[in-house]
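Each of the next two complexes has chain A plus one other chain: chain B in the first, chain C in the second.
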Partner chain A sequence: MDTNIGPDEMLIHMGPHHIAQPGPFRLNVKLKGETVQDSDVEMGFIHKGIEKILESKTYLQGIPVVDRACYLAALTNEEAFVGCVEKLAGIEPTERSQYIRVIVEELSRIQSHLLGYGEYTEFIGFMTMFFYPMTVREKILDLLEMTTGARITHSYLRFGGVRDDLPEGFEAKCKEAFALLRRGLEEWGELMKSDTIYRERTVGVGVLTPDTAKEMGVTGPPLRATGVDFDIRKDEPYLVYDDLDFKVCTETAGDVYARIWVRVAEIYESMYIIEQALDQMPSGPLFPENLPYDRRAPVMRVPEGEVFHRVEDPRGEMGMYMVSDGSDKPYRVKIRGPVFPTMQAMPPLIKDSQLADVVAIVGSLDPCVSEADR
Partner chain B sequence: MLEVPANIYPWLKGIVGLVLIGALFGFGMFAIWVERKLSADIQERHGPNRVGPRGIFQLVADAIKLFTKEEIIPAKVDRILYISAPIVILLSVFLMLVAIPVGAVYVNGTEYVLAATQMDISILYIEAVSAIAIIGTFVLGYGQNNKYAMMGTFRNFAQMVGYEIPLGLTIVSVAIMSGTLDVVGIVHAQDRIWYAFLQPIGFIVFFIAMMIDMGRLPFDQNEGEEELQAGVFTEYSSMRFGLGFFAEYFHLILGSFLIALLFLGGWNVPGFVTDNTVLGVILPTVVLVTKATLVMAFIIMMRWAVPRYRIDQVVDLSWKKLLPFSLLNLGWAIALGLYLGV
Partner chain C sequence: MKVDTMEAEKIIDSLNAKFPDTISDSQIESEKRISAYAEAGSIVEICRYLKDELQFDHLSSETAVDLILKDEIEVVYHLSSFGQPLVLKLKARLPRNNPEIESITSVYWDANWYEREAYELFGVQYRNHPNLRNLVLPDELLGDWPLRKDYEDFPQKTAKNLV
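Moving on, here comes the complex of A and B:
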């Protein structure tokens, strides 16, 4: 960005500690009046060096580390990491544990979208709508806690399976929570659709075109809101997504309004997926018989090779590229997260919009800065 | 029968003036408590519930906190402006308070209005002094040497240019229909029917314009929490922040009183006249305060039920909707006034 400013222009920075930001990053904005002339994104305030840390940890020790990449998508991060190792070592998880993985990952998607939905409404000054999704999100987190023992960083997935089976009474609690969530979503949907101010603030604001989105590498709900039906669960199925019936939720407008509705529709789809998975789930062991490692002393050597495995994160495409040199630690792990590309789409998106819309647009992209910085 | 000495009125005025300031602070704290409780109710929370019964003493705790906090004055502010700005804003509120009647006392069939001063152009005066607040806001934004605060000030100006004219025009419509610029006269003119029913458009326009004036949520762009940190109050801390905070609530209260006085019949209950001494002393004030509190509660609930407008949309609303409708209402008031012969 050109930092020379004219007489009627103003440079303003939003962040790294700004109220309307999901995490520390800086948005330098050049304003003319209230209109954004130019902007750039500065990142790296919470670089944790996760890729480097992974090189000095054994494969199993790596699982809790990838959890910390994004606190809202811990399970999908694990899935990408574990999937890489399974591909390299040639382990096929048992069917039951695949179903369990689908269930917990979809639960994790629901809670992430609920937070995104709530946070976003708060950004446009609708404080009340923040509390409603958060109340129901607690119930979803309870389900996750019941299964994995943790609410945010689960370290639940293992190579070839999952740590524990689903607890007793999970299905009943799930139904209860979903009934609550369905009723809530309907109510909030009514509230938002009928609100004139909400529509005026969101319809036609921050329009992302499919071409720009593809150029920037944007994936997930922001891409699907532009009408591109790209979903790795459908296009490159992993786990048992092939056997499950679900549709890819898209909208065509590509504006803030559409992005929010894609998330809401995805919550419905996730619930549908979980209900199917609970019905279809076979009984059986959690781990295959010929595990190449001992579960009590979990050190394993993974054959040499390189592999790329990607999964559908709540925010888009989460891929990991792993190189193994045959030792018990990965030689190199490269994380291709969904948020970094989404964040580079911010400057073109907020150009020529109003200052108040900057917040709305950034919020609707639902970026997880922790994951972008890694 | 109660004998009232003839020279009691000046004394009453003085006492009322003193009591009013105290009452405003008390009512302001009550308003904050109502706001916190109502918002908690709407958001499925409990709100303050630890300090005292139903958390009512939370306000005392908050006030002590505001008073005892260290005041941080940033290095490069314009000190004089920085220090005086909240006082100017509060001053405008107190100047408004001077002319607003908060009730009436009927003794022996004579009406004593509970106002610090009574003038025959009081509504014009209130409208004029409420505009002083904008000078305070400008000083506030300018003195802080902060971009967010400056943006907030500019937004406030944009709002003010928009809402002042519709607000003035609706007041003129009311004055035309009642034939007086005195708030007390306007209240008396509503003996039979409230102006909210005679001028529904004017009522709505006045209500919205008043909400922009108060800076309540769909129109609180000057604070615009999400994009401008704390807007005009970004660099303030401690009690100086508290003054601005209180001024906002005082504005809310006085605005609610104005709405109740101009459009909801003030201390009148239509068709209810009493000779009872005790009722005559108590009832009018209770009626007015109840009306104002209900209006206030409505405005507070409004804050938690809608998102915030963008500043250009507020300007749009003011110029393209409020202004034409207020002109329409002016015509309506003249026509209806002629027809009714008032």
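Moving on, here comes the complex of A and C:
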């Protein structure tokens, strides 16, 4: 961005700490009146160097590290990492643990979307709305906690399986939470659909067309809100997604309003997936018998090779590219998160919009800055 | 709408036929993964062809790998498509002392940040990049190329705290 400002222009730095930002990044906006002329994203405020850290950790030690890339999508990050290692080492997880993974990952998607939903409404000034999803989200986090032992960073997946089986009473608790969630979603949906101010602020704002979204490499709900049915769970099924019945949720408008509804529809779809998975889940061991390494082996030498494994994160396409040199640590791991390209798409997206809408548009992309910075 | 599946073999044949001198080692790695090496000088041309003719309309990721033992830096492009699930891994070898390659931002708009990241972490110089400066690193770290492998003790095979 050209930082020279004309006589009737103004440069505003939003962030790195701003009440309406989901994480620390700085948005430099050049304004003419209240209209955005140009903008520029500055990142790196929480750069953790996760790719470098992974190079000095053994494979098992890597699992808690990738959790921290994005704390809202810890389980899908783990799935990408563990999936890479499994492909390299030729391990096939047992069917039961694949189902368990689907269940916890969909739960993780639900809690992430609920936070995105609540947080977003808060950004546009609908403060009351923030607390409704958060209450139910706590129930979902309880389910995750009773299974994995942690609310946010789980370290639950293992190479070839999962750490523990589902606890007793999980199914009943699941039903309880889902009934609450379904009732809540209906109620909040009514609340949001009927609110004229909310509609004014979201309908037709920050419109992405399918072609520009594809050109900018945007994936996940922002892309699906434009009508493109791109979902790694369908296009490149991993785990047992092939055996489960679900649809890819799309909208056509591509605006802020549509993005929120895609997330809501995905919450319903995730619940449906989990219910199916609980019904279909076979009993059996968590780990395959011919596991080449001990389940807790701190040192496992993975065969030389490289692999690119993609999974569907709550925010889009999460891929990891792993190079192994035959030692017990990865030679190189590249984390391709969905938020990185989405954040890059921000400046063109907010161009020519009003300053008050910037927050609405940025919030609707649901960017997890922690993951973009890594 | 899903586009008809383009078969891996067809793509490889088409690439080899179009760029007989600049594409090498093309192979099918698995059902949904193919890989090829490209001559660094013609990377933009190849990407343009892949995007326009072979439906690779999505840049999944772009990064670099420091192969210090071979004295090379490899730039790795993962090209995929919104229409079908095939991923093409395209690599270009660059000399380690002067890693320089043409930027593909003219073909894939979102390569911009990926290239800035590869630049600050590995020191890959992208020619004709619209804005080649650091993205996540602070200014004073620029030039240290933190993800390169020339640090003391490399290759240190096992984590010290474990054995």
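Here is the rule we go by: the second predicted complex is superposed on the first by the 371 of 374 C-alpha atoms of A that agree within 3 Å, B and C clash if a C-alpha of one lies under 4 Å from a C-alpha of the other, contacts with A are read in each partner's own complex, and residues count from 1 in each chain.
What we mean here is this: a contact is a pair of C-beta atoms (placed from the backbone, for glycine too) under 8 Å apart; a residue touches a chain by one contact, two chains touch by 3 or more.
All of these numbers come straight from a predicted model, not from anything done at the bench.
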Three-chain arrangement built on chain A, chain B and chain C clash or fit: fit
Partner chain in contact with A:Lys52 - chain B first, chain C second, else both or neither: second
Chain B versus chain C as contact partner of A:Phe126, first or second or both or neither: first
First (chain B), second (chain C), both or neither touched by A:Met216: second
Chain B versus chain C as contact partner of A:Arg201, first or second or both or neither: first
Partner chain in contact with A:Ala172 - chain B first, chain C second, else both or neither: neither
Touching partner for A:Glu317 - first (chain B), second (chain C), both, neither: second
Which superposed partner A:Lys334 touches (first chain B, second chain C, both, neither): second
Residue contacts with chain A in the superposition, chain B compared against chain C: C
Superposed arrangement, angle subtended at the Cα centre of chain A by chain B and chain C, nearest 10 degrees: 130
Which superposed partner A:Val359 touches (first chain B, second chain C, both, neither): first
Overlay on chain A, chain C to chain B nearest C-alpha distance, Å: 24
For the chain A and chain B complex, residues of the former touching the latter: 10, 12, 14, 18-20, 34, 121-129, 131-132, 135, 195, 197-198, 200-201, 354-359
Chain C residues touching chain A - in the complex, by the definition given at the top: 2, 32-33, 57-61, 63, 65-66, 76, 78, 82, 84-85, 87, 89, 108-110, 112-114, 121, 134-138, 146-147, 155, 157-159, 162-163
Interfacial residue positions of chain B with respect to chain A in the complex: 39, 42-45, 147-148, 151, 155, 217-218, 220-221, 224-229, 304-313
Interfacial residue positions of chain A with respect to chain C in the complex: 43-44, 47, 49, 51-52, 56-58, 61, 214-217, 228-230, 235-236, 298-299, 308, 310, 317, 319, 321, 323, 325, 327-329, 331-332, 334, 336, 340-341, 344-345, 373-374
